[in-house]
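Letters are used for the chains, namely A, B, C, D and E, taken in the order the chains are written, and counting of residues starts over at 1 for each.
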């Protein structure tokens, strides 16, 4: 069978792990031919890619949707060709036709888990009287980034964590290097702070690198991120990083291929598969070291 | 001011940074007169032309056109006031063809109610272009070729034809025959003579002594950015003019100028 | 045509040797690329003799693979609309980098005025205005979007023409401003759920209809009107245009306004097609719009280029994209191959037109 | 200088009226922007009279806020290195869009040869080559990276000079190819964990050291060597340069090679600074590198521009970025304000140099 | 072929698309000879020059230089072979200053071991520039000003100075005095006379009959892309030449040419 897949962007770390999960899983099954396209975060391009797949007559399509509110447009573009959404939940999830399904996670969990753990850690350190910190946003136009930042604000809005204040929040565009510069800029104002929350691991690592370069002791600052990438876990192993969140990229990728093949074969499948996030701290990080 | 003056400048001056290209030029031109401007290279002749036509903004001084003080903010203003100019740089659009260049800025059009989107009347423009070129005597095998592909003389003839095709209150030509062949030069001189006969005033910048003595009424000489002589052609000759150009002589009313 | 309509004598002029129009070279490149994909479809072992353009599997009951023909042009239609404006700006020797972000900003703004009242029978969850902005006639978002585009274009043009800012900088500044506006509008959240009539603007082959009709209109305007002539004149020699009495500044503002209105319209069509507007839309569109024009034979130093060339340039990109999916090329190779083919297409063009070394 | 060294007579020449160098305008714009941030620090209520540049809180025992001074230039140093090359390409009337993706591709490639054997005491989990490529001397990744850059630059230059492809297209093609290479290398997975000696290349203020030394070198080269003179000549009038007997083609290849080697070096420094290489690195770097040069007063039509201008242009961007963080401006407003300031900086520049209308 | 020929062309032809700009030119030039090329605008004179100097690739025909067949692929080749040319378009880099332009492509340098990065010897170049300009008699107030800011005549003088400063096996000047003033023209004619005295061969394209008759040994006339006359100056006069230019006469050996 020919399967076409379109991924929101190829140069995203987490999505790359998921992509590799799909490729490796597909390669392990006889007669399955997986073709991968990069939507470069361009929704219109993604819709056209789906149409191109249809024109080429593939048997099934896997979509890692750029914009979850465009589910209707994507579903329509696929027509009768089987289609599986992966990782991101499209907004039309309740009205998917029988030939379509999704294997995804609920983005609301990730930012919440991370921020809440940082809140707990700060309390444990006796800073419940007041803690100040910074929030690093991912790309401002990215839904996951917007959602994760909103999660942080929601956590801080809870009574239990209301002792936390955000001094400033700015974007570092998911990137480690921009995060370094942003963190250094923040530190140059000389304001003391207790935590840094980032929308992903890369930015958290960048912030850590900048703080260490400025001679700060990482024990004094709580740093939280999302993704549980290998780099992040090794940074955690070195004792610099405090909290991240694991989402099974490899597993989701493989799962989406299986679901697609099942629909093609006419098997009955669960149309909605939710995959939960898991909190990662130095205490349990060994479990995840080799996973993403 | 007497209104029989076509053009009058008072203390017209232009500095480019430290370069004093034109200093205190006081120039007067009467109705129907043809005046030549002569002078060494870099004496400020073209600079004078650029100040009058609004291509550049003068450092100081005043310009009167038909008795009214004018402050052209650009060449468009000057043209609208009735000054037609052949610039030394020719001002041609290289990628356009001959007739496009001839009518640049005042295309013949149809359906004028469409404003900027009014339709070009290519046919009429091409016909008029032929007529205009024949006047200058130039030969151009294919007028649909772009101007970039034209020879030096052909380019110059297009620029002249452009000026000669439209009626004006004052015509200025900056070295119009520099690149022209023998025949074409004769044709252009005929055009100038026609203007003279029609009483249309003209300023001619030229290095060609024979041409100047043949064609104009008065010669103004520039030296080192200043007017140094104002000579009636009937009262002067070639050697005399050269003496003023080289600095061997300076006009009485310009003593101390340069 | 009579002999005299070509010139006034002089050299021998052999009319039979007509200049080979630039656009033919692009067409030629296009055909070559299609042929290459057809051949690859036959040659590559895993392709099982599929045809790129023809309906060999009889899926459409037609000689052509209609789905393919449609998608080839559909996927470039929206950027193509932008490219029509880019073409005009580049002919004046300018450049417009702001069109990509303008697409996003216009999409967000127009979509906000195209909200439907009920989604699946429930109240619209995303509306950023109150109910007064619900179920407005489709003309409302279009007008708002185009006005916004005109405003941005007027600002671009004013900076370029009156303040003499290099177009690269003026429009790079506007690039950032428009991205900012898109993010600020609805704080980065997507705006979705438009009315049916709005969706229609971008549904099915409508983007292609818009693209081709606008292309036809601007082809005529550039070739046969004063606007077009002055656009070419300014790009060819701005100083000469000014000395010839063209109001260069005003004209430039007009050109930038038209370009931005086209980009804004592309934003409207795009959001209608996707039924949503998000701040990240239109990324790199400005580059691809410019690329279409350049593949179509335009010169970035101004004075040359044509709408037909740009349309063909768009087709080249469309064929490449579809072709890659056709031969099942993996995403990361696609980028490399796309880069190579874009260069190759222009190399081909150059080889055919070298008359003067 | 004697009088004769200025000219050979003719008009009065007033030497006291020296031409005002372009770079001074940029410096002026820079100062104004700094002053504005200082004032905002005093005026904005939530800022508590902080100073932008001065050490009012006595944290550094210096009159300046040294941390701020450092980050201002540190954050533009890497793009600044690219901008040095962009400057040279633009002076020849070219453009290089491939530098951003080249940064990413070089980072990935160089980093693969800079792997350390042990991470936290465990074997390196990311190494894409075997142990033979572990703990290599730091010169290895540098040489590999620069060679890769030279190769890409040679290809760019060859297409531009020998095949006469418009630079925009040649380097846009290369843009896609390099992005593709970056994604394909290690299948898009980041490459991390370099040796300590490699990290040192990008640690602390090293990027600034590189940037300023390279700037000094290329300033001298452009002003005082044949290479520089020919670069300006080609951009000023390529046909004239050719007719004057300059080997225009060979020279262009050299310019593009130098530009790409600088971009490659920027990629090395960037990956050393971040201790990782990722396919998405360097996004928009090419645009910002060009912007630095243009803010510094370069003309995209070639023939004009200087390294000093570009360095000042880089500083303008650095100050803006730091300033925004300083006044805690929100992301979407930052983009808008950045756009506005870039335009304003150039407007200021224009107002100061209008000697000829 | 006899080696006392500096330049010889056989059937040299250039077509631009349908435009036959140069048709079958057979040209011979002896050692030490000064030859003028005359003809109407667009007659193909500059086209002829461009084919010889390798600026363009000819449609067909052969070119021999000092007895050897040559196929210049560009002007660089021609210069290296020893041909110095003042082109009608001048070939100046507008953004560079006067001495940069004068030495463009063969800068004076120090530290030559640095290859392309060898150091420019600005001082030496400025001094030589002064000397070169003085020869042409032009006045330029500030040689550090960029060429774009120079007057038409000043630009032309820079181009001439460039050629006159370097020794060569053949000098070609395409309308070198077109934009020059009276004094500057005299100076340039003096330069040409000096070349004559030194036995250096020269091809001069010019529309100026007096100049041509004064300076050269032979006049070649082009008409409609073809050579139509080859006249010894000693055996002809102005009217005669004009007759050939206008087509009233055609040289005996060129019957049927145009």
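Criterion: contacts are C-beta pairs under 8 Å (C-beta built on N, C-alpha and C of every residue); 3 or more make two chains touch, one makes a residue touch a chain.
Protein identities per chain, from UniProt: B, E = ABC transporter ATP-binding protein; C, D = ABC transporter.
All figures in this text were calculated on a predicted structure; none of them were measured in a lab.
Considering every other chain in turn, the ones in contact with both subunit A and subunit D (ABC transporter) prove to be C.
For subunit C (ABC transporter), the chain whose average C-alpha position is most distant is E.
Of all chains, the one whose mean C-alpha position sits at the greatest distance from that of subunit B is A. Averaged C-alpha coordinates give centres for subunit B and subunit D (ABC transporter) that are 48 Å from one another. Annotation: 44 Å between the Cα-based centres of subunit D (ABC transporter) and subunit E. Rounded to whole angstrom, the centroid-to-centroid distance between subunit A and subunit B, based on C-alpha atoms, equals 71 Å. Between subunit A and subunit C (ABC transporter) the centroid-to-centroid distance comes to 33 Å (mean Cα coordinates, whole Å). Among all residues of subunit B, those that touch two or more other chains are 16, 18-19, 40, 42-43, 74, 89, 138-142, 224.
Shared interface positions of subunit D (ABC transporter), i.e. residues touching 2 or more other chains, are given as 10-13, 183, 187-188, 331-332, 334.
Within subunit A, residues 10, 38, 140 each touch two or more of the remaining chains.
If you check the complex, the residues on subunit E that touch subunit D (ABC transporter) are 55, 74-76, 79-80, 85, 87, 89-96, 100, 104-107, 109, 114, 116-120, 122, 126-127, 130, 133-134, 138-144. Listing the residues of subunit A that touch subunit C (ABC transporter) in their complex gives 2, 4, 7, 10, 33, 35-38, 40-45, 47-49, 51-57, 66-70, 72-73, 91, 95, 139-143, 145-146. Only residues 4-13, 221, 224-230, 232-233, 235-237, 239-247, 251, 254, 303-304 of subunit D (ABC transporter) touch subunit E when the two sit together in their complex. If you check the complex, the residues on subunit B that touch subunit E are 16, 18-19, 39-43, 45-46, 88-89, 138-142, 145, 149-154, 156-157, 175, 178-185, 207, 209, 224, 242, 245-246. Residue ranges on subunit D (ABC transporter) touching subunit A, taken from their complex, read 50, 57, 59, 65, 67-68, 70-71, 74-75, 78, 104, 119-120, 125-126, 182-183, 187-190, 192-193, 203-204, 270, 273-276, 278-281, 283, 321-322, 325-326, 328, 330-332, 334.
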